[in-house]
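Step one of this worksheet: look at the structure below.
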């Protein structure tokens, strides 16, 4: 036990290198002096709680956002009766679901039926500990952060399969089975796409990947130009984004709960709070995936304007002088970071909602085919190219870098042509029985 | 949805119990809980996609762009009864459909509401007379909260009904609601698929609605009088054979 | 896709049979009577092997509202409001079939203006019906937005209908030998405006859907219907036309004034789900073409002009009467307006109207296919028998055969593409 | 394909080889185009004259209806390949099964009437498989039994329904429908 504590303590020391200055100043300002042990060991717990609260708020907002965005896409108004602009709509839904009768039928497996939503919900929120919202607002900065993230998020599928089975409903069973098949198919391209980034950055620590991005590619460290991943591996980004939408079961990949086919899929039998748990967890997963996309490909919490706000315009100093209290400069910088992080994440969430409003659903066989026949070969090619790039240190030289970018563009274009050929060939194959 | 087993109504909602205790002990808490509760559920009424005929199209129109039911937070049409609060019986209910409607209603969790949309579900409408297959008003099957006349009612009428229902919800107390739920619990437990029972069959064997089960030739059995298919009393409780015998004796006065 | 393509492949290991060694069980899924994509109350008892449909049986009758019995209990005119509910998405067609059956039996003459107005309303109704199909079909495929767009455009047509009939869906506008009322002044301009406005929307929809890879992937080569199958089950409408058979009663057995109007019958090549989609989209454009021509050709033109003519005749009659009073002679006969311009033919008392004994089987090309109304009149004020032949009834009968060997998610695409509407099946 | 018609033209247009019979005078209507054709081929049918639309109606005895149907379907002149509907008709004394058949190629239609012999009529499913659901419906609502139909059971009404509701003498007195009292 003692050993474990010491190991944990050393881990904490190594992870949380030092507690942030601005926090110490803040506590000092309030007049509270914190014990060192607290800051070293329990800092992560406090941070995680804070992040979980932020995450919950984000999820609650996202549900409303989805309804508003869908309404906007279809020329409607969307919820507007509860609170200003309908802001409290999700709260009303939540309270209502909390009070709903909890039905469990005679033939359901009571243990698994209850366990299912919890198993789905837990990993979706635990992964928030691994997402760096700012350089400091990060519960644990593991050296294997990216790996742990995917390992955790894949657990949630077990929750879906369990609840599909325990519901004793055929639609639920089909939904659960589909979900398992889908998760297996799409986790591979998802991880392979990230592998490119990891390979290049040389680390799995998500914060380090972000920091490396800000240090710049092409020897030109300024804002969004320096986010090397999106410029060097656009293919990775595309694969990652498609797979992440599939991973969180959204249209066009929402087969586990395809409404027009499987009534409501794996959650057909769930009522009240158990259903709300599924509902929340789905959005939490979407948020986590959006945040991860930003971390890996879009510079994480860094401003796309580079140091324009904080260094050139010195807004932190201006604000500090306005407030007139020492020690707030760091806080303001943190706030700026979290704002950029949230903004970027919500842009991707909006795109996901946009896709939901525009595209029809895939069929299960097409869904599998798309992953195994298209995305996985593509990501393997991608990794191969990145490896060459890494080996030759392409980015150290600007001209060579540009030449490589051209090669990349050609490669991607070639693959897309191949894809379209494959598609037309498939169509022709389908025509055959009709034509003969 | 036939495979969905009948809801185990003995499952208590713990929140209900604790809240009731709270209500009984403290009046102030009672009113504020009621306030929050009624505010929440009246503003998030999720209807079930139950549309049988013409009114269903107007119900779809109500959710579409020009009328936009989403303003009231009700655009979340759930396909499964387990997650819906409201069933809008949009369209005629026939004798063949009636058991399905009752079962759907019973599968919904409390608190649940019904809007009878259109003349057919209010009284039978134009099918009230001279027809043999239409149920004369859906309130003979399930309790109705708001009636919307019209054939079919305009989407505005449905929105009005929704607002009336919201008003009704806001006046209710969580305590009354629970008593009401007790009242509407099914009296006879049904097994899976037990709808029609031929005489002398075991519980596992059953004939499904309108379909020939394996090993049965319904037409022939009907011809030979082997099939005593009883639809029970007005609540579609299909009693077992002995209970049926008793009921028949009572009816005939023997 | 043939049945052999999708069934699970049998692994051939010498001495081992997969079927014996693995304990597999078929899954019987009971789709309906209440399911989001059965378009009403239909029950499909489906036996699934994995996600492949092995067997399917359609159970209908959940919306059997005894329409045919009702016809025998009320007078001919009283039955008319009921007809709207036989097929509520295109009720003008049912009215037309019923009203013409009475007109044929009684030998009533119908003014040409009436025929043209009937044609315009019917074609507009075809557009509303196809639009609803477009929305719900894509909703079945999982796309939500087209549903809202389609409903938005339907409202525009509803406004046009409301002007003349007073109702959004249940029109009850046709009468024996005429119409309930003439069109309102300026109505034709509204229709013309709609005809100019709507093609842009159609272009938009086709831009969203036609080349969408997911839609193409989910529909092309699926649910193949050929002429033989159509004959086997009596499949009609866009479904048979998508199979390459140009069976359109408007062309082959022209009723109304379709023989005076130029239009094409869109025909598909393969008879799959995608072709049915394309045929319906093209039919909407053809309907617009018909409406445009009908507006130009309608006898009498706008209602205001006809009203002017009517007033002129009335004024002349007044003058003749006044003159006759002065002179004490019989009033001079005033030439009436062209009978083709009237919205009513022979003047009859609708409430007590009864045609002589006889029978008629009238057929109309409804949006869903061949709609028939078989009427037997025995000379009493009540019909002896009215039988509806709904197109959906026969179209639905073909579904189980189409589905065998297909994937479960394809059920929604194939069933949606048949455009089945349940009240027409169950009546 | 189509000739110009006057405005009151029949819908299912005949080229009118026989205009509507003006004076039948106790003779009964004369056989029309199809009636003559059938008679030439040794199949005697009762000519019932054209109906109000102009479609020729023929009455066929139950034992001959399969031959007549086969001939109408296979003959290169008639090509009656499309069964539009099967309607049961209750004439109080007897019941009748009425078939309306259409030809997709020649655009002509014909109406075949078969008087039920003690409510028994041979099924026309072997000739036109489309008759399947239509005949089940007629059985369901009129109680006409189609001999040879492979799967004759109720279609629209529940399996346990008592009586045939579209018969003229049907009275709804099912004690089980207690919720239907008014």
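Just so it is clear, A, B, C and D label the chains in written order, and each chain counts residues from 1 on its own.
Please note the rule applied: contacts are C-beta pairs under 8 Å (C-beta built on N, C-alpha and C of every residue); 3 or more make two chains touch, one makes a residue touch a chain.
What you see is a predicted model, and the numbers here were worked out from it, not measured in a lab.
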| item | value |
| --- | --- |
| Centroid-based (C-alpha) most distant chain relative to subunit C | A |
| Which of B-D and A-C has more C-beta pairs touching across its chains | A-C |
| Length of the line joining the C-alpha centres of subunit B and subunit D, rounded to whole Å | 42 |
| Interchain centroid distance [CA atoms averaged], subunit A/subunit D, Å | 66 |
| Mean-CA-position distance for subunit C and subunit A (Å) | 48 |
| Interchain centroid distance [CA atoms averaged], subunit B/subunit C, Å | 32 |
| Contacts with 2+ other chains: residues of subunit D | 154, 157-158, 165 |
| Sequence positions of subunit A contacting 2 or more other chains | 74-76, 170, 259, 263 |
| Overlap residues in subunit B, where contacts from two or more other chains coincide | 1, 3, 65, 79, 96, 132-133, 209-211 |
| All touching chain pairs, where touch follows the definition stated at the start | A-B, A-C, B-C, B-D, C-D |
| Parts of subunit D lying in touch with subunit C, wherever the complex brings them together | 1-2, 4-5, 7-13, 51-53, 55, 57, 81-85, 87, 89-90, 98, 100, 102, 104, 107, 109, 111, 129-130, 132-134, 141, 154-158, 165-166, 168 |
| Subunit B - residues contacting subunit D, complex | 95-96, 98, 128, 132-133, 135-136, 140-141, 196, 207, 209-212, 218-219, 222, 227, 229-234, 251 |
| Subunit B-facing residues of subunit C, complex | 29-30, 33-36, 40-41, 43, 45, 57, 59, 61-66, 69-70, 73-74, 81-82, 84-85, 88-89, 132, 147-149, 151-152, 154-155, 168-170, 422-423 |
| Contact set on subunit B toward subunit C in their complex | 1-3, 49-54, 56-58, 60-61, 64-66, 79, 91-92, 94, 96-97, 100-101, 104, 126-127, 129-134, 151-152, 154, 209-211 |
| Subunit B-facing residues of subunit A, complex | 67, 71, 74-82, 86, 89, 91-96, 98-108, 168-170, 259, 263-264, 267-272, 275 |
